[in-house]
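Take a look at these structures.
One chain, chain A, appears in both complexes that follow, with chain B as partner in the first and chain C in the second.
And now, the complex of A and B:
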């Protein structure tokens, strides 16, 4: 090789190296439920992230950001772990995000520290997830966060004897524990606590039990979809609504997606939640407009869309702080205490728990212009932490 | 006493829903020897058609049921001609299961694409909605309608199979299809009509049962096990079997929920195990050795 060829080669190599340093691509692996019964929530991850990217560009400084989506399918920890491993090893992602189901998040947690990959959880709502790794940040919600205000407001509104009916699985049991603890501390009594098997289709017997318990209010948590619909129908059809027994839940039961299906029997139902599609703020209007501009439909927007939009913001901040280098310590330290105005209202990342602090609103199902919405009232619980993690 | 009456009422209502949806599957398995895992998928198509007819075309509930049943049968015709016809009575169970589960996934995909992933309700007419006071408690009016539908279906099927000429031909084709053919019975027509009947019953059940088993794209998979359990406990092809199995399982489930809800589905499956242990061919099933 002569001198000339050598220098050209050296130049070429140098050129390649500087090229990668200035216009590198930072990959973010998003694991969500893209197919199956929960596909809409996975689609919301993409809608939320697309909305964020459309507003803020696909570059942070000189770094190009690329989101890679993988299908979590259902509660399947082994599969999620394999997906995360593949994303980390093969695709060399610098950040992970997503995860709809708690067991899947638990399975991924041990991989994070070893591979120095921060994970931004966009849904999975069991409190203890953030304790499984110091590299986990969560922008969704927890059952405790939304249930404690429900118990407070129930007591304040005059409920004294409550029947709790929840689906018999992790979040349901969390909801039961949170409600019972808070409501009894306030001075109320829990007269009946029923755990309903997940595949229950006939809720009539449960309504009869509640009726004979003499409760004045029912608190419930069930997965959105057929169980929620069946429960509310049974509540109306067995005459409990007519008897003046009140029904309360977290917002998971009366999602805007299911409200048209549940129909007018849901009118008047109270729920506490961190995000209502009808939330009245310029940020929410802009968020929804940007969803529509990117081909999404308003009636498909769910809480995971907002969590993903905010999650993308957190990831952009981490990339900016580390200047595209793999430095999870610095990335996580930067977002601790981070504050911003989300489409759901003012939020911040709790520096202690790395879980999002946010307002929880009391909403009433109301018909406005022929459409059922969760109308937020004046009752707002400001800056709620995850009550299970926080000592306060 | 009051609790016993409550349990009896709920058992009857829930049992009848199970019966209406499962009887079509029972006929399919007993008479055509096809394990039609896509039965729930056809019931779901019925539900979607009824929901569409009422919500978008604004027709009356009774007309919507008719549209659903006829529409689902029309949808099922290509499946019958191209696929099911080949597997009546003779083929290996594995082929049947693979084919019908494939059809199920296909229908779920199409329905999800066309109607979207969310729940669809079938609005009830004013006459059937809301609670009705029956003295010692109030029950959903719709449940009484379902009970009446169940009784009517059972009676009509019994008359059809036991008392009409079609029933005689059907039983002949089932018992010995070769001999029936030789005697001039057009067995393929008998089978096609029976297939349509089974699918139509599925669609009917999907519509009237929608209050308890709401219509959504994964309906076909979600309730598949329940339908199969009713048929295997009752004995395939038997109307009495399906009826008594539905009521027994409804009783086990409802009693469990009243008295010991923390046991979940335990009593339901315990009943299934005990019955299948004592009657391996189901309560009223015949062995097809």
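And now, the complex of A and C:
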């Protein structure tokens, strides 16, 4: 393309931009896992955003906001990239949000600068994602963020010899690295580190190895669902629970959605996480109430719902600051350092990393009125950054 | 199936390259339609062409040689990873990357062929799954090389021929993929009607008889697997180049199963069937998943059931029957 054509195109784009500023439907593309095994988490994006819109209206100033949903299906970067391109080029969205899987976020990142589209990541939890583009903000969590407090509290509560057992894939390996580094820096010893293949169903041999290693605490990360269920069952059946070996994990293993499936054997299990459904705050009560009012079920609420609710807040703020113009620099600059009270507690966007800073809570699986919940105790790690990105 | 072979007796080919030329023109016409009617959907069309290569490749082994496989994504994925790794390490010329993909795909094809073609029937199917799973497990395990489940990112290919850079609208990626598809398709339609290709059909129809007339079955199947690997490698390379990220999905079981569905849908044993299946399945999937991102899979399932009930040998079969009936009037068969 020669210079002249370029300048004409730029003029045309400018003309279009000023044209749309008052014509005024601002579109936000939401890419999430709407079908398949992870459908519940994608549905949570919609629940969270709907709750936000129900509370704050579908307008920012004079601009009407429209959310367009697309199905990311599974870890499939080629598909996600095509979806994002289509949303940007064809549907002319001004903002993108969502993304459950890390590789999908990685595939979209290079598009953002060229198209001047900010992306608010609502789940994908690998630390480095926010480094892939200056237009990425994340309102979910990272493995490091939730795991470092787990290691600290384990040591503080008297654990000295820990066995780490994680699923052998990205987040599991992240969790292992974060726990090992922190726990050893505290002065503890990691006596066994096991990477469990993803399709493992028989966890007894792993429990035997842990038993013979003489560990006093197990730290684990497994994808929620059948693996977590099998692991906890093997932990009880092999007598480790009876022997007083403690079991710890991040909250991903004992989500409220899976607790009924895991059953009573989970009682007493410790986990660190940024959001518990039972979090006791007026903001959380209001959030859950508006989910129910919009036809959602409390049993279905997951961490992605809260991330989407907060993500919608961030997007509204960006639209407000730019008055509906496509100005990603300004939009991102506005939300850097933004602080608010989320249903999960006080949070802020770290101006350095554009990742969310939040409290991480130590919770115990407890039975209350016949229902298993993650009960938050007094131990709260305030204002946690993403430990893999921040140097503090 | 035998009647199809008769269609291809060399004597009937009065004007050389007519069929290939028509095929190339049809693909170019289709591409032009896509390019001009849907200029905003080029990203989708590019992705679609990438997968089409894998379906074509599967057609070569399943449709033409009768090898049942559920691990065909291995060739595609290995090539995609090879291209990705090469690109991250500094080879950025798209044509060179394509060549790397072809080499990697061919090697992987020869390896899997050497294993899988040894058996027939169920053991073969199981072995194909095992090979696929092995590759998938390796891709996950070798995290330092492949990025594991986070995917291999940072693939930034340079300009095609040093002129056309890859842009957000996927124009370059689309045209590059389309041009490659035309070349590969012409080469393949020539290849499947070569004596070697016809022999493979013979092996598929009756491998015992083929052995009896002195055909060395096993080496031929392995070679066919190598060719299929090269074609799958082209797809993997193009997908890696246009996406910029290679994930575990590219070697996954779902990918293998999905392309088998596309092939069956279009009609195994015909290159056009493979291409039609890939296009129709993916476009349908795209439309329904955009219309209803929450429940679209039900509709895709319904489509598959309908097609299997009403066109059990693939969508291409009724079309071919029409063509054959017309041609059949002219000559006794």
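The rule is simple: the second predicted complex is superposed on the first by the 369 of 392 C-alpha atoms of A that agree within 3 Å, B and C clash if a C-alpha of one lies under 4 Å from a C-alpha of the other, contacts with A are read in each partner's own complex, and residues count from 1 in each chain.
By our rule, contacts are C-beta pairs under 8 Å (C-beta built on N, C-alpha and C of every residue); 3 or more make two chains touch, one makes a residue touch a chain.
The structure displayed is predicted, hence computed values, not measured ones.
Colleague: Specify the outcome, clash or fit, for chain B and chain C once both structures are aligned onto chain A.
Modeller: Overlaying the two structures gives chain B and chain C room side by side.
Colleague: With the two structures laid over each other on chain A, which partner does A:233 touch: chain B (first), chain C (second), both, or neither?
Modeller: first
Colleague: Answer with first, second, both or neither: which of chain B and chain C does A:337 touch in the superposed model?
Modeller: Neither: A:337 stays clear of chain B and chain C.
Colleague: Would you check which partner chain A:132 touches, where first means chain B only, second means chain C only, and both and neither mean what they say?
Modeller: second
Colleague: Based on the superposed arrangement, let me know which partner A:75 touches: chain B (first), chain C (second), both, or neither?
Modeller: second
Colleague: Between chain B and chain C, whom does A:205 touch in the aligned arrangement: first, second, both, or neither?
Modeller: A:205 sits against chain B, while chain C stays out of touch.
Colleague: With both structures fitted on chain A, tell me whether chain B or chain C touches more of chain A's residues.
Modeller: C
Colleague: Once the structures are superposed on A, label A:39 by its partner contacts, choosing first (chain B), second (chain C), both or neither.
Modeller: In the superposition, A:39 contacts both chain B and chain C.
Colleague: Touching A:351, do we find chain B (first), chain C (second), both, or neither?
Modeller: In the superposed model, A:351 contacts neither chain B nor chain C.
Colleague: In the superposed arrangement, which partner chain does A:106 touch: chain B (first), chain C (second), both, or neither?
Modeller: After superposition on chain A, A:106 lies in contact with chain C alone.
Colleague: Rounded to the nearest angstrom, what is the minimum C-alpha distance from chain B to chain C in the superposition?
Modeller: 5
Colleague: Please identify the positions on chain A that touch both chain B and chain C, taking each partner from its own complex.
Modeller: Shared contact residues on chain A (touching chain B in one complex, chain C in the other): 36, 39, 168, 197.
Colleague: Within the complex, which stretch of chain A touches chain C?
Modeller: Residue list for chain A touching chain C: 34-36, 39, 42-43, 69-71, 73-79, 81-82, 85-86, 88-90, 101-104, 106-107, 109-111, 114-115, 126, 128, 132, 168-171, 173, 197-198.
Colleague: For chain A, which residues count as touching chain B in their complex?
Modeller: Touching chain B: residues 36-37, 39-40, 168, 194-197, 199-202, 204-206, 208-209, 225-226, 229-230, 233-234, 236-239, 242, 257-258, 260-263 of chain A.
Colleague: Which positions of chain C touch chain A when the two form their complex?
Modeller: Residues 40-41, 43-44, 46-47, 50, 137, 140-141, 143, 147-151, 153, 156, 167-170, 239, 242-250, 254, 289-290, 293-297 of chain C touch chain A in their complex.
Colleague: If we count contacts the way the header does, which residues on chain B are in touch with chain A in the complex?
Modeller: Going by the criterion above, the answer is residues 6-7, 10, 13-14, 17, 112, 117-121, 123, 129-131, 133, 137-143, 211-214, 216-218, 222-223, 226, 253-254, 257-258, 261-262, 264-265.
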